[in-house]
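Accompanying notes for the structure given below.
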């Protein structure tokens, strides 16, 4: 897949970021361990020179993985030395606040934050890229066998799936969360780190709307397939229908239909489809067609953020993250087990807004009113892509928990499927 | 160009619309003069069967143009007979309001309106498709010599251009129209015809903003070119920069640089570029890059419609339409000549909002809140394309004046350039 | 189809040839009626400047057909005036053989011959290009209804087909013509016109071989299809199998399988497949796969020419040419009716070597030993294409009879199917 | 490059060959260590099921290299056990010649030979595939530093190049070897192993011809470049000129023009171009264009084999092979140093026919008269590709010396450049 990169490239590229934006900035006479890595591991910052073409990254058998690890170590050590030096200078800074070091520290701070966030993003991409590469391999290699569901066997899986399906029905008794809309504020506020695309915080006028309490399950999505969803153009956007036909799609990425049974490829290998798990690896087009077929729609990102910001302290709003090392969204029956002792629902809000699967919104990825990209190479990071992409919210099982914010905007083209992307429905009242 | 169609196809397709949605609906036993035209001249209504592939339309040397005219005449006559019959039945209807004919008349009415609007759209496309086809021909054929500017010769053109450039500067003395924003309403209201995508009328919250009083001229856009605008990635969206490089763009479609002079191909042939005319045949990407380079942005469609609806009765808001048969946007010095006798500006609002050039907005083409496409084939008309397209507003020199409304939403992919599309800047205060 | 051109282009291009190589050569101050035609109607002579791209020829709606006819008339008249002048000068020439006019006449003579041959080639291409364009049209337009088989109706066609099949069986009682090989001469000799690629005449060593007495019929080819020929890779060259899969081929071009019946599109319209007619519009790949499936092979061009040159005076060696205006190869029962009165076969040689269908040979198109292309633009005519093409021999129903020679080498890429190309088998004894 | 494969794939595929054609044949109940390797490491034998697509081989990060080595070891051991068993059975065979083992041994013998030859071919491809992969890497990694020319430094290289150029001139004093042609025999004879495409031995009629005594050097090819060879269509076949333009070619693969100096990437890294070395990594198109520009042509494979078979015992006919582990063709001055003590030339025949570079011939790759591919999967090996490829002769610096025969036919498409392919000219007397 042209969008994916080999792991060694991710490892070197995230180090390249610190080398380029920290070491080269602080040390005018900085000499890289290997000047050509500057070219090889640049990604898209065209203001820093033409990057090495992404689809050819797979060809780079050199530097070896060992050489990349050495490069990481060298840069890490140099960055740490620089930090110590700045820290010492910083102590001086209190006596001389306008010193050169003081200003350097200030401007570095946000670069550092960006570099760390950037590395977390690539950690997520490493998981999704490995999953895709392994999925192309008829051997269906297992990335992490320990992440398999406990006690999971094929037979158990089928039983669990049937049970899960019932479970999913149980938790969807009152499927909609109601919101009365109005003028609400979205976007990042405060001093903590956020990407430029989460700024500025601004007001939005919302009509009253409904948001589904849970994300769509495999079992629910399977009903769409069995009703001929992939064979009928009327559910689909024109551009989506073209993708369905050109790529001969008949289900989510990684679903395998074999001998009359549905299987799913996961980072724990190929295994029976669990009907109670959230559907994932669907494109915006699939999410939109599914919603249309159900007579619903996808939420706007303002609707999503407005609701999510109200339930941010509710434990039931959280599913699984990368920190849990389970590498696959968890069945909703598990969430249901969060029920209080008396059987009452644990929350009156939506469940699992954060984690498990990125939730496609109906919102094209655009700058917020008054948005201006930062100048320079860092400015290429987000604003350049505000065209023909759609926003996803909420993070996934491959996202680091402390990487996410309620204002966090992920974005991908509408046909992208290799992220852990799922569906939460919305509707007009 | 895969998007364009031959003229004979436009002629037959607009007739096919009436045959399919009027005659076949009213006459259960309707027999077409040629059943295969049903397949050939369907455009995208996939619920009516697979259409004949658009890029292959150019191959259809049969039916001949004469046969297509005969087909038009046959269908037109049948439709008129049907209208007369319904009119007579309609007189009965007053006595029997619930009659079958009464209901038929009602449902037909909107189909008829759609059919007529549909034909006007194709009239515009015929002009832009002819222009594109002629532009591929090194002979640069002239479509309508009578539409050339009066007294226009090459030498005069250059003088006029220089003068025009001064003129353009003159009218932009106070370039911005200010609006304080707030909660405003956009979208169509009332009983008159409108496309489904203009519905429902709804409220939008606008921040204060500025809208340019005039559209961008060739002279202004030339400054972007001469400043290296097409050679510098930083002004462009990533997707736009890819188009610039792949298609080796260096100026608007139809601009020709020859022997150190800029020429422009028009429906009156190839002629010197007039610097005072509105720039046209630019893509969304070009409009966006130009705006970014000027430190501005494109208006949202809500901003545009909110302003335009306030100046709808002002004569200076109107430029040239297809009714004027001039086939090219007119120089702003002509608009400036609308100045009142005492030299005071004719309007305190923006000039030329309607006509001359379609104005790209920053708004992706989406359904309005609460939008639901009509069911059936007519429903495929607009809603299917709400993805990866951008809205244009205001009509062009190729649009029929009575086809346009202030709520009218045109839409094209961001790289489309063969429509008469131009730029009006916006900015934050 | 990128290889095909519109009729108006053929008309203008053949005139362009005379304008470029006759008028411009003889008249140093020649002024074309339209200088840009020089660019538009050049085909591939890159030494004369970049030609207008072939796939875009279909876009040229100007010059109109009427303008092209006027151009033809103007050039024809100028050429005729030039010929008369040369003829008069030629009378002087007997008194002064080394005169400039004498030399001009001599060099012109071969250009003239080439121009006339070139026009005949384009006459053939006009037929095959019209056939292809009409075949893309679901109306299946009829080019020449008078060319339909006499008394042909659908029912009669089926009967004829069945009878034809028997007929075909009858004439193939002794299917092989035997040749003992040896050192033979092929290539053109003598003063008459021939293309450069037929030169020089040279010796070739042939092993003993067999050549089929008749070309393969539709009925015989249908057996290949029904035996799963298009579904089994083992009969095919690797490159051919890729074409079969990419283009989803299941039979010759223009065969249509509808409601359980095989039809064939011809220049007289769509009609039932006649099993006794020669199979045509097959590619080299199909011819080769068919031969392999039969346990045979295709003849080399040396084998073909050696046999054909021995039977050049035999009437039964000739089928239908363009002069017969029938536009489709004729059923072999017609050839069989050439039987002598006593029922003895009309010939002991192969039947129908010339006309009806071009016969694919196993020979890649290469220069003969000692071949050197002529210098200049004319030299680009044949030699440039001696790569990845295969030779066909014998002319077709679309070839002018006096265009063909026994040494004539036609050539097309191995996947080309839109010529009237068929199959004659060969084998080792 | 879609034609290249990763090294681990080569390693596994050559083992797969023995597993498939030896172990599975001999042991009806054979169980592979991993059944899916059968799919992964099949190359093109479509009769054994659809192979894993070649361009996706690079995606296979599993099995790991270690797993592939284990697979090789397992299969090698199983094959050796089988050989011992057969050998023991073979001793019985003398007493019972018609035994099942006897027949198995016989049929196995040719499979074994094929498997070993097949592995040698892949050893050559591993070198050329590694070279290509490394060349895509801006780091220009070195495969084998020990293979660099002795004492080679940049400065020394330039001096050597200049000297070499003179040396090259010296040995080309009498550049042509003359042959009188006639009826000659080519193709393999005798009991020793040969590929099916070298059979049957047969007679060919040759005109008198000249063959260059040496292959073309870098210095000679540079003259073609400097004379504008890559900018002038007239030297090129039409298909070759298209490749030049599409791929913007300006010299052989691996030549790098930097700061006014020509460098060449080799398996010993990037280094100054040595003008005395044979030009290599040119396509058929480049070889043909060069020959045309020199007023010469390429030899036919019959001409080449006829000459080579006469000089097979002459030491000067041999250059460098893989056995020499030098990985780059050697400068002709080295060959010149083979001169006899008295300064007389070491040979009156052509030099370096075998080894150093594969020599493109003018011959399309076809079956010899009477050629029939073997049946079954082995039969797919050669015959399937007899279309649009050209024959190369003589082996290269990457070929094992005992892999080559004077009748050996290598073949590649005319645009292939990543093999060690060079040029030897021929001409008519």
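Lettered A, B, C and D in written order, each chain numbered from 1.
Note that in this section a contact is a pair of C-beta atoms (placed from the backbone, for glycine too) under 8 Å apart; a residue touches a chain by one contact, two chains touch by 3 or more.
What you are looking at is a predicted structure, and each value in this text was computed from that prediction instead of being measured.
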Please report the smallest number of touch steps linking chain B to chain D. 2
Could you tell me which chains make contact with chain A and chain B both? none
From the centre of chain A, which other chain's Cα mean sits the farthest off? C
Chain A and chain D have mean C-alpha positions lying a whole-number Å distance apart equal to 49
Inter-chain centre distance, chain A versus chain C - centres from mean C-alpha coordinates, in Å: 61
How many angstrom lie between the centres of chain C and chain D, each centre taken as the mean Cα position? 38
Considering only which chains touch which, label the overall pattern as line, ring, star, complete or other. ring
When you check every pair of chains, which ones turn out to touch? A-B, A-D, B-C, C-D
Contact footprint of chain A on chain B as seen in their complex: 44, 46-47, 183, 202-205, 207, 233-234, 236-241, 285, 362, 364, 366, 369-370, 380, 384-388, 414, 428
Sort out for me which residues of chain C touch chain B in the complex. 34, 36, 39-40, 52, 56, 58-63, 133-134, 136-139, 141
